[in-house]
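Next, two complexes with chain A in common: one pairs it with chain B, the other with chain C.
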Partner chain A sequence: MERLPWLRRLFPFVLILALLAASQVMDNYLQYIVNLVLIYVIIGIGLNFLLGFAGQFAFAHAALMGIGAYTAALLTTRVGLSFWLALPLSGVVAAVIGAGAALPAMRMRRVYLALVTLAFAQLIIWVLINWNAVTLGTDGVDLRAPYLFGWRMRGDRNTFYIVLPVTVFLYWLARRVLESHVGRAFIAIRENEIVARSNGISVAWTKTLVFALSAFYAGIGGGLYALALGFIVPDSFGLGQLTLHFSIVVLGGMLSLYGAVIGAVVLTTLPEFLRDVQALQEIIYGLVLMVVILVMPQGIVGPLKRFGILPREVLARNWRRLERRG
Partner chain B sequence: MKRYRILPTSALALCAALALMGARAAPAAAEEGVTADTIRVGMFGPLTGPVSIYGYPINDGALAVYKATNDAGGINGRKIEVIQEDDACDPAKSRAAVKKLISRDHVFAIHGGSCSGATFATRDTMIDEEVPFMVMAATLDKISLPVNRYVYTTTPPGTSDGAEIVRFIRSMPNVKRVGIVRHVDEWANAKMESINASLEQPGLTVVANEVLDRNATDATTQVLHLKAAKPDVVIFVTYPAEGAVFLRDARKYDLAGPFIGTNGVTDLLDLAQRAGGLNAATDVYATAFVAGPVGSPAMAASTALLKKYYPDDRPQSVSFYGMSGAYAVVDALRRAGPNLTRKAFLDALESTKNLPAGPAFCKINITPENHQGCLAQQMWTLRDGKIVALGETWSPTNPTN
Partner chain C sequence: MMLEVRDLTAGYGHLRVLRGLSLDVPEGGVVALLGGNGAGKTTTMHVLAGLLAASGGHIRFRGESIRGLTSNRIFARGMTLVAQSRQLFPEMTVRENLEMGALVARTRREIAKLTDEVFDLFPRLLERVDNRAASLSGGEQQMLATGRALMSRPSLLLLDEPTTGLAPIIVHELGRILRRLNEGGLTILVVEQNVQMALKLADTVYVMRNGAVVMHAPASEVQDSAEMFRSYLS
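Moving on, here comes the complex of A and B:
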């Protein structure tokens, strides 16, 4: 595809058009699953910024998704704000809180950072459960379908029309960020903070930025998740959710945007494919994860790139043109 | 060069596959899920995951009722065909399960849901798709309130359980100071809502209100706080494992009862065993919406039914939680007549009157204004190592309520 630039440029449009066409004949069940896949693509990209590109071993992603979900649900249901304002605010609120999680990352790495962010995540869940006056505690919060030009966007297909453009935009934004000097700064602090600093990169600023950016994606994903489900409870954003997020990134492939997409597709649809073998569901699910991680240490994108099924991803704009110039 | 063409081609293929997978199939009969010889009923619950203890045991009880109905000739010439899906007690998965049952399996009605949050997340789908829904064992009030034409339950909701506990406490002589130990989740909150409301009336004062975390293995702090407050009675709104931890530590630190539990700890012998023996469960009471303890004459018929179809299942209190709903569904299907439609079925459900509820203590009564079919409960305690109902010393709610 590198040699056929028009094919590369055309591909996203083909995919979007194909998805839109498919949505016309999907039943509610499949449409709902597709919506969840797209939401987990956003969440996977967000975690990939932090875990894959910047190498920050943080465990607050599911809780930040919860903050996004609760922000969107509470602002629309209890404050009466339009969903179209609440959705970006869910990302902004999560980003602000996520940036706060960057503070321990200034002094800690690896397992210490993991422990502190895990405690931070547990604190957020505790607040969601116990701050009854605002979050309604474990009773959960509804999120009503929003209106667009007087038309109520109710149902899975209408949700898809909201989720798809947001996912496409955030994917495009992620690619722009990663192909810029900011993306290369993420990689630099992952490889060696001292070298990064000696190259003029502000490690503190870069870490804050990547935590906030990752949290923004988690927040938007959470807001859309609340929309897709229509009802959220704090338990939905605990360790199970976090494990899913990590699995998406690790199984799909770290250091790759395609990885987030593939991981989200596989891990959201796999339990559905296994519905007919309920007794073996958890065993097969676990085995698939183990085999992929053992056989494909770079995730599923590793062999797909090696065999030329997926193109290379290079963190520079117009790198193909620069490569051709030699 | 050609090898990269696989990308857009596979994208198109994927979407075509999605389209084919999702293409709406025309229902086989005029009414969804009904054929000349079958009625298809969907069922969902936590068949996998950490709370699967509320999955197969509960569903099997309901399935036994449906199987017995089929073996007795079915309903108006039709056999009930049940399709089970897993929700793992997760709202996202319960929605997927219900959407699959409706869109793919084209069920006539759904009988399922044992976890409150996961079940509530499916309510709007049932209503939007106009599918009759009988709740299996979830107790969150807002699943069945406000009343909706499509949503029904025969499991006493959380608020009625809480109110029953306070009614029992008010019947105790010389009880003025109440201590509480509780979980914080949607199940416990529903019960606490009515407990708090009932305790606000004069005569009783809450002197301590302690939170015990789910999966707690120690309740020393809660017990010592309660002991310092000197309550006349302690309400514990916990699951069995944590309730046992609390009772064990209460005995350890000489916190005296009586202790009143919810219908979540109905199986008092199991609770005593977990707490370290019968002595730990002295002066412990619990509400119960089944007619009698497992193994008692009141449960003999239901136990035999369960053992007939699921000989490997160990009969336990939860085994009987789904049966009353199944009896209500079967009765309404029968009364809806041979020309079965959802409208006829819903009309029949809404006119259910004094229907025996199998292992449940109540008689099922459903009207257009009230879709909570069972509200009556008993109070149980342990005497001489056996669970007994307090009928002779305390008047339970009227079973026809």
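Moving on, here comes the complex of A and C:
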């Protein structure tokens, strides 16, 4: 594809058209899986900002997704707000709380930051479980299908018509951010904070921004997740969810938006392929992860880029260290 | 005066490194800061660039106090540091390193224009544009570090020991380029161990010892009394 730039430009449009066409013939369950894949693309991009591009080892992504899911569900079901307002608000609320998670990142790194953000995530889950008056605790909250021009967007196919444009828009936005001076600042603080500072980058502001942006994506993903499932409980956003998020980014490929897409496709559909071997499902899932990490440390995008199937990406296009590793 | 420093004190924890440093950098001038190891030259540069907080004294840049400002605010006012040992992003290419310095540029076109200006100045970088920074020679790395600083269009360039570890021919080439930049209106404050290079490049020379200036004079005068000058440096 590297040698055919016109095909590269055309590919996203072809993919969107193909998804739209396929939605006409898919059964509900398959449509539900496609919706989940798209939601996890958003989640994966959000975590990639933080973990891949800015190098911040934070573990609150699943809890922030939960914040988004609960914001959307509670605002629509209990406050009576329109879903079309509740969805962006789910991103905003998660972003504000996510920016708070940036505070420990000002003084901590790596394993220390991981532990503090993990504790922060557990605190969020604890609040979701125990603040019964608002969150309804372990009883969970439902989210009813929204109306659009008087038409109720009920069912997986209608959910798809909401999820697809949001995913496309957030993917486009991510590209714009990464191509801008903001994206360069993310990478600079990951590479060397002192050099970043002497190049005029405010490390504190950049960290706050990347935490907030990542949480915004988690929040929107959470809001759409609540819509796709129709019912959420706090347990949905615990360690299992967090492991899935990290697996998507690592397996797909860090420092790559394509990585988030590939990781989401593989890890959301893999359990479906393993449905017939229920007993071995988790073992096979784990083995696939281990093999990919060992053979393709750059993630699946590594070899795809090396063989020219995927184009190189902004600021990571000559990432020789990663290419060497791959 | 572009930069005025008065009675500056700074240090690391209980260790006082700068003990009342004062110096002036005139607009369009080149000032060299010399001194032995541990004199406080690099600490001075870090304090001026906002990487280390001053504990006392005044720093005025173009008439305004910048003491206490964060490094990014100082950078935004037009003061850019090329740190000791170049401090590049080793895994990025030459072009990517340059782009990292282009925070003033908001569009790809602006970045391309700034990059072209740097390549005009350092044609060697253009030849190595897709090479990793870590694979460059010491001289090329210094060119890249200087080029990256120029991407922000600074009005005052702080250079911390730019010639350390470079071959004489590269030192000469770098000196020529810095003079060209100065003729174009760029003000330079350079910390240097290479006295000959400093005297050739600078209009004024300051000598530091134990965190304070012990001597300053026009570079031409210092060249005439080299013996006395060396006694300050020893």
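To be clear about the criterion, the second predicted complex is superposed on the first by the 309 of 326 C-alpha atoms of A that agree within 3 Å, B and C clash if a C-alpha of one lies under 4 Å from a C-alpha of the other, contacts with A are read in each partner's own complex, and residues count from 1 in each chain.
Throughout what follows, a contact is a pair of C-beta atoms (placed from the backbone, for glycine too) under 8 Å apart; a residue touches a chain by one contact, two chains touch by 3 or more.
What you see is a predicted model; the values in this text were computed from it and never measured.
Engineer: By the touch definition at the top of the document, which applies to A:19: first (chain B), second (chain C), both, or neither?
Structural biologist: After superposition on chain A, A:19 lies in contact with chain B alone.
Engineer: After superposition on the shared chain, which partner residues are touched by A:140: those of chain B (first), chain C (second), both, or neither?
Structural biologist: A:140 contacts chain B only, not chain C.
Engineer: Looking at chain A, does chain B or chain C touch a larger number of its residues?
Structural biologist: More residues of chain A are touched by B.
Engineer: Tell me the contact category for A:11 with respect to chain B and chain C: first, second, both or neither.
Structural biologist: first
Engineer: Answer with first, second, both or neither: which of chain B and chain C does A:31 touch in the superposed model?
Structural biologist: So A:31 only meets chain B here.
Engineer: Given the touch rule stated above, what does A:201 touch, chain B (first), chain C (second), both, or neither?
Structural biologist: second
Engineer: Regarding the shared-chain residue A:243, is it in contact with chain B (first), chain C (second), both, or neither?
Structural biologist: Once the two structures are laid over each other on A, A:243 reaches no partner at all.
Engineer: Give one of first, second, both or neither to describe whether A:229 is in contact with chain B, with chain C, with both, or with none.
Structural biologist: first
Engineer: Please write out, lowest number first, the residues of chain A touched by both chain B and chain C across the two complexes.
Structural biologist: Correct list for chain A: none, the interfaces share no residue.
Engineer: Quick check: in the complex, which residue numbers of chain A touch chain C?
Structural biologist: Checking each residue of chain A against chain C gives 179-181, 184-185, 187-188, 191-192, 194-195, 197-202, 205, 315, 318-321.
Engineer: For a test of understanding, state which residues of chain B touch chain A in their complex under the given definition.
Structural biologist: 1, 3-8, 11-12, 14-16, 18-19, 21-24, 47-49, 84-86, 90-93, 95-97, 99-100, 102-104, 117, 120-121, 124-125, 128-129, 140, 142, 184-186, 188-189
Engineer: For a test of understanding, state which residues of chain A touch chain B in their complex under the given definition.
Structural biologist: Those in contact with chain B are residues 1-4, 7, 10-11, 14-15, 18-19, 21-22, 24-34, 36, 129-130, 137-140, 154-156, 225, 229-233, 235-236, 240, 271-272, 275, 278, 281-282, 308-311.
Engineer: With touch defined as at the start, can you tell me which chain C residues reach chain A in the complex?
Structural biologist: That would be residues 49-51, 70-72, 75-76, 80-81, 83, 87-89, 91-93, 96, 99-103, 105-106, 108, 130, 132, 148-149, 152 of chain C.
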